[in-house]
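The following pair of complexes shares a single chain, chain A, combined with chain B in the former and chain C in the latter.
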Partner chain A sequence: MTKYEITVGIECHVQLATKTKLFSEVDNDARGKDPNTCVSPVDYALPGMLPRLNEQAIRLAIRAGRAMNAEINPYSRFDRKHYYYPDLPKGYQISQFYHPIIGAGHIDLPDGTSVRIEHAHMEEDAGKLNHYDTYSLVDLNRAGTPLIEIVSMPDIHSARQAHDYCKELWRAMTYAGVTIGDLYNGNMRFDVNISLALPGAKELGKRAEIKNLNSFRSVERAIEYEYERQSKLLDKGEPVRQETRGWNDATGKTTFQRSKEEAQDYRYMPEPDIPPIRLSQEFIDEELKNTPLLPKDYRGKFADVLPVDTLEVLLDYPELMRKLGELAGKDNIKRVANWFASVLLAEEKSYEMLSFLPKADYLEELAEMAEKQELSSTGAKEVFLKFFDPQMKGKDAHTIAKELNVLQENDTGALEAIVGQVISDPACAQAVADYKAGSEKVLGFLVGQVMKASRGKANPGTASQILKNKLT
Partner chain B sequence: MKITSVEIDHLAELSNFSLSEQEKQNLGQDLENIIGYISQLDELDTKDVEPTYQVFEMENVWREDEILPQETDRDGLLALAPDAQDYQIKVPKVL
Partner chain C sequence: MKIADKNTSAYSLVSDALEKAEKYKDYNIFISLDKEGALQKAKIIDEKIKNKEKVGRLAGVPFAIKDNFLSPAGNTTAASKILEPLKSPITATSVKKLEDEGAIVIGRTNLDSFAHGSSTENSYFGPTLNAHDKTRVSGGSSGGSAVAVALDIVPFATGTDTGGSIRQPASFNGVYGFKPTYGTISRYGVVAMASSTDCIGFFAKNPEDIDLLMSITSGQDPKDMTTLPDYYNKDGRENAAVAGAASEPHDDAISESHNATSESLPTAGPHTIGIINDFDTDSLDSDIRAALDSQIDALQKAGHKIVRLDMPTLKYALAVYYIVVPAEIASNLSRHDGIRYGYRSKDARTLDEVYGKSRSEGFMPENKRRIMIGNFVLSSGFYDAYYLKAEQARTLIIKEYEKAFSKCDFILTPVSPNPAFKLGEKTSDPVAMYLEDVMSVPLNLAGLPGLAIPVAKNKDGLSIGLQLVGPRRSDKALLEFAKSIKKEGE
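And then the complex of A and B:
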């Protein structure tokens, strides 16, 4: 990416992890449920229905604000955004156009750059349309799901930076408990505005908007594709049209959806059914205090203890980070972090294992055993993986190590007896003689014999020491 | 204030209404009357007046985040739709 400078702004819709919808008392988690089973007369827009605002959505919006380093506006209210489309039977979406709940903020990226947030507002999600040859079918399970829409400033200047921004936003929202963060099920969706201009140009170029991207990778690829497409047009002296385009993951291309030349006419008006929100400082502070540790908090906590690479890998897994958080300040946290990063995440079923993490106490015990060399590093890994075995459920590290028979023999009495056997073994007579004659390198062979005789349980360091004592 | 037929067509399209010529004329006349009536307010100086968004002076009307049983179920709601298929509302193809 060289000739043109790329400028990207991103709007992100985040589905809030509330039990019920934004304005109705029905189940907000429609995953795996039949169409139109999570629908109330409010979502269905029957005449005379009164929407009632969910307090938890306000609380989660406050947390979201904290996670994006933003001011919470004490006063906010809802507006009607009118558009006629079957995904919302009311004919309008209830949104916050004039007075959003979250003000300006910023998201700091691991590479040291920062993306400013213009504002973020609450609104309701729309239903899902399934298209067929001559008709479309409407499922309203998602209609009325609480969202916050986070609007970034055009501070992003590469496809990679856009990827990192989306990921960091996902981390922030997930750690804060604002959303379940299941991208596959559309818990977070990204609309990306992309424009190109020659370096130093006073005005940004016309922008194309790619709607509804649901993975970091597709955000990155769509921007790479748009850079190519728009720079080819500009090279030929052709104009880039302001339009909405769709992304096709399979072809790796964006395609024209509709023109934006005609200004949208949403006829915003104040929502008369929902009285305004006025938040006291106490209410805001209470929820700020309820916000769990955020990625930035973990980075601060572990900066001196864990290597940056390990930390950044583990930050993609809130479950692992929270577990490490329980071990903060313990000496052996680095061992546990390494087991997470290089043993657990290497497992094929690591994703399922995240829900069955062992107790922090057990991990600490295992780390201590490894530290004291009561286990070899291989033995410790074996025990670690057994924590996830349903048959070993609830068993501590020592119990599992014993059952696996991987405890190292540190008992000097028992070891001395084994060393005695090895020394008097005729098969070792030559080695013993060589050692006594001054050949130190046969010591390794003798230690190996001790290990073999103890069936791997001897601590090699201790065995070596006893051998030396006995042979000099 | 004159409401042009172009504006009526635009509004009808936004709301997905199909109107006869007679209806367009009537609606145009009605809108002109309504806007003319409201426009009397323009004679007042409202420079220092806060906009009124709510006529009830209520704030913070919230509810608990608890699932409640609904008085209607899926069948009841779908029965109100002009057409349904596979437990979904069937509409003309939209894009």
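And then the complex of A and C:
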């Protein structure tokens, strides 16, 4: 029983998967690279350098807008947001304060609720500081990486819903191809505003902001913690202060960082070095058309093929969904989806396993082999798992099945010979006699013997049919 | 402009220039000279000429760059302590285009620190003296470049003009100084003062040279999103219809005038010349008024028509300028924080001290004044009252010029209300100094081209210049007209 109603709004920063930075021509992907090796004079703010807007970033922003069911503003503009920090070379961040590129939208959650998006704007990321004993070093590799910041309305009312919203946002952005979506590397970061009020209160309570959360689970835990912290204060009649707090994943607690009074005046002004962006409807439409299938599209596509819970598990794996989307035929999709779902639920490190996906042709082939009963269901599963075995990578289903020796024996000639052997085997004489006397239940025993003699490769249905023919 | 060929060598042109630079050392024109580099480049040009290889249109021509243009030769100091150690890895687009045509930089000229000023007295390296009177200022902020051309050290020099910084020192030292239409020459690689008004331009001895420099340096630069598609080397009229499609400055009103086809682009004369009544005030120097009147007579005699214009909105230009420009200055100077390059205070112990002390010690008083004003007008709660209001007034000024150019082809005004003033005369009174810009800043707010033309000398031997102003992208026509005025005067 919860006494207070919780209200949550979330600001999410998404790093765009562009080839180069937002305003310069250097590589935007600094993963695994040495500090300050992806930095141009524009990025370290040499005097006289001017921003050059990356068209691909605009295109991805349009896709992002579609993925959050939002209007794309045909007119938008950049502004300068001023503050001093060593990871911000220009002394201002180029952002969109007055005229953002993406207008109001919404994200629908699997539980049927919907969270409205206030707007989303483009901006550049800052670099980062690496702290040592007595000094800190600046790494500008990330400075100038394109971001969109997605600002939600305060429509979220539980930690779980916040978790689901972040996850759904992550799905939408990754499916749309807007971001690589690697949370561990900070491709998406969440700032969460949390306030409590008694049910029916006219005004929201004072809010605390938890900055820089980078997993759905930490969003959920931080909100749970804040609910406890703030409700204890309110129970005691103490005020909740408007402040920024940090989340410590190890302790599971939020800690005070700075109060609202210390909030900076960013002295926003229009960015004079970048002309306003005027997007033609053709340009917008072209990019909307280029947007890959989104989670909602897959839900629609597979609604009558896959059970909802299987579908929701699979939706966490965008590459996988795309792969399934490539498969033709309902039964094949169902079969392959179930293999994946069982692997994802059962195998450890399934995520790493899925970093390499077999070709759709191979999956199709395997599904068809199973359909035609060329493989037993266990045999098919065995082949499927081998797709991910480093030593089998790149091999097709038939080759793997052959190597595993799990192909079912459907050759009736060969099978008839085996059946003949079984019937004439003295150990089976009694069973044969019983069957001929009318005992149908011994047929199972005889099929088993055929299977054994074929070392499991016989198709039991065919074997049973041949047995019946021969014994009557 | 003398170009190296069989009869003269690049080496002799460059070494002459370097000798003269040495000879006029007491004027404090150069912050740094690149003797070795310049002579080396001259030798290469001479070698090419000897081998009958193709050389550019400026082969062996020595020139000077204002010390806010980036290039790997020498330090780009912007006449400041904070940038004194700055070595640039890149070359400004404009300088590169000139060098590609064979021109040779001999040195970097003095300016008001970060181009903040109208007298070159705000330089960290001391003032540059007037070419005609060493007790007077050279004007500013591009004082060094103006004097370098006036004293015939180099046939041309680069400058930047944010509120008159080319035209006023040109006028003070008796040379031509041109500020093109905003966006005509790339700003890439030039230390920014105010992004929405900064223009790259030139000092030279005649409009013909400026025309050549314009045809070399103008044009769209992918590294500067505010550059216009090339119109200068095409027929103005034809090009006007497509210009502005790709880029526009941030101000919406400017954007619109950028996009508009310029119906009023002047063709061959006779022309209609507008004279602004509002500039004829008591504070206008009588010799300057006389020079304007006699030029008006000459134009009429040459068959041109004169119209008188009332442009009451221009009285707000200076106020608008000193809100918009400091705001952009404060923003553009934020990057000088002592972290990545430039000066860092020796006794800074904390991060705040690195910022505070490096900036306090590295900037000149005028830099700080503008940073303070700029941050004030942008601060929360004041933005609407100052910055936004100023931008609205700026739109009105743009419209006022559009209206004026529906009645005339060009406008002729003084460059400044007074000729070169005494060193130290206005340094203690910043507002008096700002007032010297009253006739030059409106062009920058509207993005218009303006040419300072030397027309006369007063009884003290000080130069008097007039300013010829045209509509946006009328630069070519404006320079052609200046050439014809010069011929008529001869």
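One rule holds in what follows: the second predicted complex is superposed on the first by the 440 of 472 C-alpha atoms of A that agree within 3 Å, B and C clash if a C-alpha of one lies under 4 Å from a C-alpha of the other, contacts with A are read in each partner's own complex, and residues count from 1 in each chain.
Keep this in mind: a residue touches a chain if its C-beta (ideal position, glycine included) is under 8 Å from a C-beta of that chain, and two chains touch if they have at least 3 such contacts.
This structure is a prediction, so every number in the text was calculated from the model and none was measured.
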item: First, second, both or neither for A:Asn36, with chain B first and chain C second; value: first
item: Which superposed partner A:Lys359 touches (first chain B, second chain C, both, neither); value: neither
item: Which of chain B and chain C A:Asp27 touches, first, second, both or neither; value: first
item: First, second, both or neither for A:Pro47, with chain B first and chain C second; value: second
item: Touching partner for A:Ile58 - first (chain B), second (chain C), both, neither; value: first
item: Chain B versus chain C as contact partner of A:His82, first or second or both or neither; value: both
item: In the superposition, chain B vs chain C on chain A residues touched; value: B
item: Contacts of A:Tyr135 with chain B and chain C, given as first, second, both or neither; value: first
item: Partner chain(s) touched by A:Arg267 [first = chain B, second = chain C, both, neither]; value: both
item: Partner chain(s) touched by A:Pro276 [first = chain B, second = chain C, both, neither]; value: both
item: Chain B/chain C common contact set on chain A; value: 41, 44, 46, 52-53, 77, 82, 84, 86, 91, 138, 265, 267, 270, 272, 274-276
item: Interfacial residue positions of chain B with respect to chain A in the complex; value: 10, 14-16, 53-56, 58-68, 70-72, 74, 77-78, 80, 85-95
item: Contact set on chain A toward chain C in their complex; value: 41, 44-53, 77, 80, 82, 84, 86, 89-92, 138, 265-276
item: List of chain A residues in touch with chain B within their complex; value: 18-20, 25-27, 34-37, 39-41, 44, 46, 52-58, 77, 82-86, 91, 129-140, 265, 267, 270, 272, 274-278
item: For the chain C and chain A complex, residues of the former touching the latter; value: 68-70, 76, 78, 83, 86, 88-90, 92, 187-192, 194-196, 222-226, 247-250, 252, 255, 327-328, 330-331, 333-337, 339-341, 351, 355, 375, 378-380, 383, 387
